[in-house]
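The same subunit A turns up in both complexes below, where it pairs with subunit B and then with subunit C.
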Partner chain A sequence: MNEPVPVRRVGDNTLRTLTVPVVFVPGVMGSRLELGDVRWDPDSPMHMLRHWVVASAETTRRQLSLATDGRVMDTADDDVPPDRLPRGWGGVAWGFYGQFLQYLEAQRFGSVTTPVYAVGYDWRQDNRTSGRAVATRIGEILQEQNAKRFILVSHSMGGLVTRAMLKQDAGLAAKAMGVVHIAQPALGAAVFYRRMFTGARAGPDGGLKAAPFRNILGTSRASFQTILSAVPGAMQLMVTPQYRDTGGKAWMSITPFEAPARREVEVGWGTYLEADSPPGILAAQGQRHALSPARDQDMRARIEDARSFHEWLGAYKHDNTWAIYGDGLETDMGVGFELPPRSSHDLRLMMPFGGGFGGPPPPPTYVAERSDGKRFVYSDPDPADRGLVLVRRAEGDGTVPAPSAQALFPGQAHAVAEHVTDYEEKRQFRVTGGGAVHDAICHHPECERCLVDIMRHVLGGPTR
Partner chain B sequence: MSTHKVRQGECLETIAAQHGWLAPALWDQPENEALKQQRKDMHCLLPGDVVQVPTRRPRDEPVPTDGVGRFQLKVELPKLRVRLLEDTEPRGGEAYKLEYDDGQVLEGSTDGDGWVEQPLPVGVRKAVLLLKEGVERYELVVGGLDPADTPTGAQGRMSNLGYYFGKVDGVVGPMMQAALKRFQRAKGLEASGELDEATADALRGDYGG
Partner chain C sequence: MELRVIDHVGFEAPAGLEDATRWVFGDESRPEAVTVELEAPAGRATPAPEVIAEVRESITAMAPSGEILDEGETVLDGRRARYLAYAVASDDAPAVGMVVVANLAGGDHVKLHMQVSEREELGTRFGPTLASVNLRGGPAPVPAGPGYRREWAGPIGLDVPQELRGPRSHLFMDADDRVRLGVTVRPPGAPPFDLDVALRRDAAQAELRERQEQAWSWGRWVRYVTRGIDPPHREQAVVRASLTVTVAAATDERPAVVREVEIQGTATPERVTALYPAFDALLASIRPLPAAGPSGGGT
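Up next is the complex of A and B:
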């Protein structure tokens, strides 16, 4: 039901009606999927616990394998109101997006009707493939609503999916009145590369409450790589060669033990496959942290997929694009490596003392002193993380660093100002504070206000 | 002579009917000249406007004895006229249902230019317009539209034309100004965000009055 329409009793009146579906496309892991016998369903903690949290990396990998057909869930036994099921709300994780979808649904735009649809997709597959699936669904939506045009809203990786869709489908792109990307890792996320060495780690990857989620992602280098090597879509979140840390600086640095001079690395797609790790992500075959040959090959193929995807997509964006991103939260901006010594001769074993009173002896530790005088202590002489040093600063949304989220409109970081912003000129908006955190940013009040104001501009404005 | 202060939802038709006048005759009374100059359109008054209602004058009509005198009052029932557009295209030949708050339900189809035109009893204040078998539902507030040069009147017109998306409350704030700018740009006027005479005229032009 729209707002009441005041009309003249005598004389002519005009009612210009318009139906513009609002199509929301979620981020990676934000769609609920049926994968053969199991479901990816963040709304069902029991199911997640039983089938994902306690699963081994190989099991998770098998469950995510594209060998199993995925189907976006369109039924729900949870909080999705039954009348919303036909509009796809059951297909996205309600815990992430429910509040946001309900907010959008409650907005009124005079005589313009804006039914809100959620379009889940199989986030495991290449984002171009997902883009085609979303395009098909939008075609159905337009038909269902007898509408000619739509507004597109994406969160996170949904930004890559929708840009891929619009680039592939000029016909559909012409029907997009406005496109709003929220928290898009346009140039990837450094945290993704970092986990290739650390796995999901307590601390930078959340506290105790995030432990189940870390278990799903893999808490070690090998488990994270094993799982991700099966998931082309997620692998396209790798940092692209266009990414720079704040101020245009290189985002990766390596300091060898033997010649301790910090070397900045210019990272291209080939860098990830270099034999030396780092900067290569794969430990060489035969080394302790190497993946099995089959997984190693899979990972190489995924990197090639990601390269192919990003080289094809480039800096493409739809003409009527706006972006909203979060900032001010501790985020992985890049990585540094203080490499351990190559030779065990440089390591001194510190024999553990104590362990008395019947307790087990503490684990041995190794100490290495670098020629610049810096001293390193290792519990493992060959650490999986290769001496990774976190590079985290409050310049992102906790997951996506601001320079990546800003990439569609470099340098634009406007404050949200409802009703007074010139949206033709200003295209990119920055929101801050705890609510700007990547997974929750959609229902950050400023993000919501900004999005709805952009919608007013689009629905009543020049792109109509 | 009495006066009638206009309340929301009233228009000259309802006021005239209430006092036993016909609207055009009442509008043409010299006592209403000032109001006529201000509002120009008798079908669009503002709540608070004062309509002068002169006492009705008796009129003599000769009638022959033993003959039958036939007097006919010529009253045309006003019609509700709403033109439906889908964006910029008329929604021609579209079936609709119109539910008046007096219980009357009318059905019909828009003409080729998208017009809904139905007789409208004077007492009706609200009408629900149903399109696409009820999928689209618009609550029409009959007589609720104020003159185009008033804030509420501009908001109502801009809302119905798809430029303003807030409540019709007469508040001239940033939301109203943003809508005025959108409308002014669309009409090639200076995007001042002010409701000036040129903007009010353009609104009347697009809206139909």
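Up next is the complex of A and C:
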């Protein structure tokens, strides 16, 4: 049981309220940043269109490069209450987190005051670097509030940042009364690997419109990789070697055309850099989707950074940690590859239909028949997806597969229940339904209820 | 040497580095903007239809309520070009835009993006701009007329509405983006660039080594190497300068008019030998140009 917050009496009956700041740390791309003369500002559609959506991948990469100074914004438009700006509310995307912050702020915990702070961070940086920046800010917050302890709430990649922070700073970790990670991709997200081959697609990534401008990371293999080559923080969302699909199964499989036996791949960090792609992510120089040598080199460095980060972080978590994750939504759980033939001799050109009425001719289509009798149709002999087959099931929050989100407390998937939950035993909670979608889960009613219940528990009061 | 001007501050584009400026005419206070983007890295020669397809995909997948209004072929300075018009509904700031892409003589593409708030304004405001484009930087084939001024975006000349200010930052880099050097002129009245804040921020993220600095009456520079705190401890050379350039001397009636200028550069350790001389040359070339045109970019 956590130690309750001592309530000090002054005189006979006067209660002096104690202050325990609640610090919220957002996910990747959820912090509004000034990057030289542009901004990463999902709250400004006009700015995002002008500087990001219509820009080329190379321009996006240059703008995101760490060679450009980054600073979390401290101003906001009229939606953000002005008196909340000193608490960092302008530093996080209001469209994603505004409702959630207001909900948290409206909660009351008896005699304990819980001012809600948002701590944005430069999500381009290595998550250890971001962790140190968040630690500095929390130190300032404790001083501002004359508080000794705080409660930490993270969303998505904010979980990696805050775990890195707490692991690096034992003094600060000792002041954390409770840590709640929401939708943390603790072992990465398979969708991230998949986009290394497909980019963000309107089909399987169709949920993007629910979180506009959140995923401006390239819509093709080369553009996604080009942009990610500049962003160590985001690259740390890559699937780690500890990730397994549901039931402990391998999450990647490859079936070569020439010898059509499905081979499960045991993925390590080195796998991503293998010369054969897949499983390597980089197309060989000279191939259609190859990056320039400089960007290829950068991507290798980013994989090395991600390996370094995850090997250092390991399975660390703060002693007073809880996790809430979303489930039941169609999510990339892994990938399969039905590789196209290595030799063009195995491809047969199919005569295209259409195009006879003045329109452009349709692209050539090729057919190949595998020795196991399976027939494949290609619109291009060197398709971008290398025969990628989506492995998607309703076992995650649309972005993070449940086995990754559950990794801090393997096997725990408790339903949210008011009044009766023993939060010392039960550490991990599963919420479902459309509202559990990754980008919106923070203000899912069950998530909010669960979070507030945990906070009551941490603060030593009744759960309701 | 190519002379650049930003708001009465002149400087010479660093020799040996490519121009990587993103030419945005317009600022955040206005819904209108014209952006010119040149193919980068140079030499890829991406066909215009591919560039348009990428834009279409981005708007379709990323923008809330994004809608493609029209798409087809047009002509830009006598060259075949592709265009795409879009609308994005938003309570706060609805946007309508058109992207025009043409491949230049060498194969690389240029992309023009025009943005307004109302659909009807697209043709009236930017039709004259499109007609005025000269892809080789010469005079306008069809001048846009009153209310527009001639501007340059790298090698391209175009007429833009008078109200749209040019970029206040110019960026130069080598082909691999291992060396970067940028110049920013702050808006009139803005405080000087605070080198110490930047130094503190860098020091919070990395170990600073080999620091050198120099100060004089109207400026100061500092150069150092950052070494990452975390493995694999990546290193980077950094140069920063903060300058106060007097563009009009004080008179009895008014104080001196100054512009605050920032120079920032980075290089990987193996390219530091390219960064320092380029920085020195750029710094030496900074000078006031009181007779230059109105505020904004210009070459």
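Here is the rule we use: the second predicted complex is superposed on the first by the 434 of 464 C-alpha atoms of A that agree within 3 Å, B and C clash if a C-alpha of one lies under 4 Å from a C-alpha of the other, contacts with A are read in each partner's own complex, and residues count from 1 in each chain.
Please note the rule applied: a contact is a pair of C-beta atoms (placed from the backbone, for glycine too) under 8 Å apart; a residue touches a chain by one contact, two chains touch by 3 or more.
This is a predicted model, so every value here is computed, not measured.
Chemist: Touching A:418, do we find subunit B (first), subunit C (second), both, or neither?
Modeler: In the superposed model, A:418 contacts subunit B only, not subunit C.
Chemist: Would you check which partner chain A:64 touches, where first means subunit B only, second means subunit C only, and both and neither mean what they say?
Modeler: Neither partner.
Chemist: Please work out whether A:405 is in contact with subunit B alone, subunit C alone, both, or neither, and reply first, second, both or neither.
Modeler: Touch status of A:405: no partner.
Chemist: Between subunit C and subunit B, which one touches more residues of subunit A when both complexes sit on the common chain A?
Modeler: C
Chemist: Using the superposition on chain A described above, determine whether A:454 touches subunit B (first), subunit C (second), both, or neither.
Modeler: In the superposition, A:454 contacts neither subunit B nor subunit C.
Chemist: Between subunit B (first) and subunit C (second), which, if any, makes contact with A:304: first, second, both or neither?
Modeler: second
Chemist: Answer with first, second, both or neither: which of subunit B and subunit C does A:176 touch in the superposed model?
Modeler: Neither: A:176 stays clear of subunit B and subunit C.
Chemist: For A:200, select first, second, both or neither according to whether it touches subunit B, subunit C, the two together, or no partner.
Modeler: second
Chemist: A:36 contacts which: subunit B (first), subunit C (second), both, neither?
Modeler: second
Chemist: Can you tell me which positions in subunit A touch subunit C when the two form their complex?
Modeler: Going through subunit A, the ones touching subunit C are 36-37, 44-51, 53-59, 62-63, 65, 67, 69, 71, 77, 125-126, 128-129, 132-133, 136, 200-202, 205-206, 208-209, 212-213, 215-216, 219-220, 223, 292-294, 301, 304-305, 308-309, 312.
Chemist: Going by the contact rule set out above, which residues of subunit A touch subunit B in the complex?
Modeler: The touching residues are 1-19, 108-113, 146, 148, 418-420, 456-457, 459-462, 464.
Chemist: Write out the stretch or stretches of subunit B touching subunit A in their complex.
Modeler: 11-14, 23, 41, 43-44, 78-88, 91, 120, 129, 131-132, 136-146, 156, 158-165, 167-168, 173-175, 177-179, 182-183, 185-186, 206-209
Chemist: So in the complex, the part of subunit C that touches subunit A is made up of which residues?
Modeler: Residue list for subunit C touching subunit A: 20, 22, 24, 26, 28, 31, 33, 35, 37, 39-41, 51, 54-55, 57-65, 88, 90, 92-93, 95, 97, 99, 111, 113, 115, 167-169, 171, 173, 175-178, 180, 182, 184, 198, 201, 204-205, 228-232, 234, 236, 264, 266.
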